[in-house]
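Paired with subunit B in one complex and with subunit C in the other, subunit A is shared by the two complexes that follow.
Let's turn to the complex of A and B:
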C-alpha cells in the first residue's frame, strides 16, 4: 500500500475503535473520563518504562491499562467521598498527567518518550515503523489498532444487550443480575487500551476527539443505538479522509487537521441533523407556520369577494 | 407457603446519616402492599437495599424463602421514572423488550418471541401505536406505562415499584391500578412505594408504615389508623389532614 494509504487506513481504524467506545461513554455521560484517561496514560507509559527499562509495545500497553484503570478508580473514590464529579475528574487527570511529565523530564529525558509526541502523535511516521507478519511487511501501528478494534467490536457485540440495559437503566440491570459494576470497569479498561493503541500514532488530542465528537454528532442524527454506532464510525472515517487531505493541502499537522474535521462534522450535525438541527428545526418551524397561515381562510367579506 | 419477602433487620447509612434503621417486616404472597411514610423516610432506599442496589450496613432480605441470587428472574423492579435517561436512543418496544433480558441469557440476543411478548404487553396497556416511538417523545404517563409493560414482560411473581403514580395522568393511574389488581388475582405480590395518603387506603390491602424504621405493618384496616399515622408522620399529619380535600399527590 502507498504511504498515504497506510496513514489514512490507520487513522480510520483508530477512529473506529475510539468512536465505538465513545458511543457508550457519551451515553453514560462519562465522556470526559476519556479525556482524563488519554492523558494519564502517559504516566502509565513512563512508569512501565522506569520499572522494566524497555519500551516494547506490550509493556507499554499493560502500563497504560493500569494507569487508565487507576485513574477511573481514583475518580470514583473521590466522587464517593463527596467531591463533585467534574472536579474529581479534573483533579485526578491533571495530577497524574503532571506526574507523568515530571517523571519523563527527570528520569527519561533521553529516550523516545516526549510530551509533545504524546499529545499530537506522529501519524506521518506510521508507515516507516513496520513489522513482518506472514511474510508481509505492515506498519506496527496499523497492526496494533486493528487488534484493538477487533477486540472492541467483539466485546461490544457479545455483550450488546448488557451494555444497552446497564447504560439506560442500571438499577434494572443490577436487579436482573447483570454485573453493572464489572461492565463499568471493563469499559474503562477498554477505554485505556484503546487510548494507548491509538496514542502513539494519532496522539492524545485526536484520541479524545475520536472518542467524543463522532458519537456526540451521531447522537444528533439518530434515535437508534445500533445506528449511533454505525454513524460514529462513518463520521470518524470521514474526518480521517478530509483531515488528511486538508493537512496535505495546507501543510499542517495531520492529526490536528483530523481533529478539526471531527469538529466540522459536529458543527454540520448541530446545524442540520434531522429534527435536532438548529437550522432544520427553524426552517421546519417556518414551513409549519406558513402552512398554518395558508390553511386559515383568508378574510372573506359578506359579498363573497376575497379581499386578500 | 413462604413469604414473598422477608426483610430482616436492614440498616442503611449514607455517609454519616442513617437512612433506614433495623427495618424488619414480612409480606405474605398475593398481597397488594403499600409502603407509606413521609419524605426522607427511606422508602426508596428500602427497596434498593432489599434488591442489593445500595449497600446495607447489616440485615438481609429473603424472597420466597431464598436468597436474591436464586430468584432474580421472579422479581420485577420498576424504578422511579426520573431515574433513567429518557433521551437514550431507543424505542418504546425496545425498552419493553429489556424486561425479557433476564430470560434471554448472557451473550444472546432477544428472540422473535421475546419481541412479540413485549408487543403484547404494550398492547395490554393501550400503547401499541407508540411501539416504534422514540421514548423521549412520550408523555410522562406514557413513559410510566412503558415501564409497566416492561415489568409485565418480565413475567415475575413479585413486583417492586418505586412511586409508579408520581406525576402521571388519570388514565395512566387507572391503568396501573387495573394492572396491579390483575396481578393480585394471579396470586402475584406487588409492593409499591406510595406517597399519597388519600388514595393509599383504597389501593392497598396490606400496608407498611415507614419512617426510618417500621412503625406498623399488616392488613390495611388494622394499620391505617389515625394513631399509627400520627406516629409515622409526627407533626406533618395535621398538614396532610387539612389538605386532604385537595387530594394532591406529592412526588418526591
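Let's turn to the complex of A and C:
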C-alpha cells in the first residue's frame, strides 16, 4: 500500500476505535475522562521509560495504559470522598500531567521522549515503523490500532444490551443485576487502552477530538444507539480523509487538521442535523407557523381581519 | 543549594518574576474559588487550550509582541466560552461534552496554526512552544508588568463584586428577584477568568493554566465553609505555589515553570485532603471510629439492661445478648464495670 494509504487507513481505524468508545462516554456524561486520560498518558510513558530504561513500544503501551487506569481510579476515589466531579477530574489529570512533564525535563531530558510528539502525534511517520507479519510488512501503529478496534467492537457487541441499559437507565440496570461498577471500570480500561494505542500515531489531542466530537455530532442526528455508533464511525472517517488532504494542501500538522475537520463536521451537524439542528429547527418552526397562519379559519370574520 | 537560592534572589529580574507569579497565583486562586462553586472548573481548561490558536493568530498578525499574543488569547478564550454556552443551550449535549469538544477542536486548530508558523521563514525563532508549558524565567519586566496588572485588576474586581458574585452563585433566582443584573455579573466573572487565563499562559503554560484555577480553590475548600475565608486561603495557596514553582524552576533551568507550580499546588491539595479538620480524610476516619465506639457502648448498656439476674454472673448471658466477640466483649465489660453500671 502507498504511503498516503497507510496514513489514512491508520487514521480511519484510530478514529473508529476512539469514536465508538466516545459514544458511550458522551452518553454517560463522562466525556472529560477521555481528556484526562489523554493527558496522563505522558506520565505513563515517562514512568515506563524510567523503570525499564527502554523505549520499546510495548513497554510504553503498558505504562500508558496503567497510568490511564490509575487516573480513572483516583478520580473515582476523589468523587467518592465528596469532591465535585469536574474538580476531581481537573485536579487529578493536571497533577499527573505536571508530574510527567517534570520527570521528563528532570530525568529524561536527553532521551528522545518528546512531549510535543506525544501531544500532537506524528501520523506522518506511521508508515516508516513497520513490523513483518505473515511475511507482509505493515506499520506497527496500524497493527496496534486494528487490534484495539477489534477488541472494542467485540466488547461492545457482546455486552450491547448491558451497555445500553446501564447507560440509559442505570437504576433499572442495577436492579436487574447488571454489574454497573464492573461496566464502568471496563469502559475506563477500554478508554485508556484505546487512547494509548491511538495517541502514538495520531497524538493526544486528536484522541480527545475523535472520542468526543464525532460521537457528539452523531448524537444530534439520531435517537438509536446502533445508528449513533455507525454515524460516529462514518464522521470520524470523513474527518480523516478531509483532514489529511487539507493538511497536505496547506502543509500543516495532519492530526491537528483532522481534529479541526471533526469540528467542522460538528458545526454542520449542529446547524443542520435533522430535528436538532439550530437552522433546520428554526426553519421548521417558521414553516409550521406559516401553515397555522394560512390555514383557513373555520369562522372567518366578514371584514377579512383575523384575530391573533 | 541555599547559596544558589540566595544568589538567585539577588538578581533583579527574578525578583520581578517572583512578584508577578505571586500576583498571578493570588488572582487565580480568588477567581478559582468562584468558578469552583459555580461547578465550572473545567471551563478554564477549555479556555486555556483555546488560547493556543489565539496566540498563534496574534503572532501571525503582529509578530512576537506580547499585547498581540494576549489579545489573541483573550479573544479566543471568549469565543470558546461563548461556544460552550451556545452548544449547551441550543442542543441536547451536556456541558462536559461541549467543553471537551471546544477544547479539542480549538487545540487542533492551534496546532495547525503552530505548524504553519514553524514552516514559515520567520517561524523557527518564534518561541511559541514555550507557551505550551510556560517559562516564567524568560519573562522580561514589561511582561511581568502586564501580568501583574491584569492579576491586580482581577483581584480588585473580585473584591468589588464579592457580595454580588456570592449571591449570584449560591442563589441566582433570589439575586434576580432583587433586581440585580445576574447576566452582567456572570459575564464579569467569566471575563475575569478569561483575563487571568490569558495573563497566566506565558508563565504557567496553556495546558496547566487550568490547574492554577482549580487546585488552590479545591484545596482551600477543605478548610472552611465560609466563602470569604475560602477566597483568602485559595489566594494564599495560589501565591505560594506560584512563588515556589518559579524559584525551583529558576534554580534548575531545565524544568518549565508550569509543572512545578502545579505540583506545589497539588501537594497542598493532597495535604488538605488528608489532614484538614472536619472535611479531611483523617478527621473523617477518626470521627467515624469515635462514632462506632460510642455506638458500641450504647449497645453494651442496652444488653446489660435486657439481661436479668445479678451482675457478677451476668457476663455470659450479657455477651450472648450483645453478640460481640470475646476480646471486644471483655473490653466493653471492663468499661461498664469501671463506670459502675453494675455492682
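The rule we apply is simple: the second predicted complex is superposed on the first by the 295 of 308 C-alpha atoms of A that agree within 3 Å, B and C clash if a C-alpha of one lies under 4 Å from a C-alpha of the other, contacts with A are read in each partner's own complex, and residues count from 1 in each chain.
Definition applied: a residue touches a chain if its C-beta (ideal position, glycine included) is under 8 Å from a C-beta of that chain, and two chains touch if they have at least 3 such contacts.
All values derive from a computational prediction rather than experimental measurement.
After superposition onto subunit A, the partners subunit B and subunit C occupy separate space and fit alongside each other.
The partner that reaches more residues of subunit A, of the two candidates subunit B and subunit C, is C. Of the two partner chains placed by the overlay, only subunit B lies in contact with A:164; subunit C stays clear of it. By the touch criterion defined above, A:223 reaches subunit B but does not reach subunit C. Centred on subunit A, the angle reaching out to subunit B and subunit C in the chain A superposition, using CA centres, is 80 degrees in steps of 10. Of the two partner chains placed by the overlay, only subunit B lies in contact with A:174; subunit C stays clear of it.
Residue contacts after overlaying the shared chain place A:89 against subunit C, while subunit B stays out of touching range.
By the document's definition of touching, of the two partners only subunit C reaches A:205; subunit B does not. Aligning both complexes on chain A leaves subunit B and subunit C separated at their closest CA atoms by 7 Å.
Common to the subunit B and subunit C interfaces on subunit A are residues 29, 82, 219.
Across the complex, subunit B is touched by residues 27, 29, 82, 158-162, 164-165, 167-169, 171-172, 174-178, 219, 222-225, 227-228 of subunit A. Looking at the complex, you find that subunit A touches subunit C at residues 26, 29-32, 34-35, 39, 78, 81-84, 86-87, 89-91, 94-95, 97-99, 101-102, 105-106, 109, 115-116, 119-120, 205-206, 208-209, 211-213, 216, 219-220, 247, 250-253, 255-260, 262-263, 266, 270, 276, 278. Subunit B contributes residues 15, 48, 51-53, 69, 72-73, 75, 77, 79, 83-85, 88-91, 95, 98, 101-102, 104, 106-110, 134, 136, 150 to its touches with subunit A in the complex.
Residues of subunit C that touch subunit A in their complex: 36, 39-42, 44-45, 87, 90-94, 96-97, 99-101, 103-116, 119, 129, 132-133, 207-208, 210-211, 214-215, 217-218, 252, 254-256, 258-260, 262-263, 266, 269, 273, 279, 281, 284.
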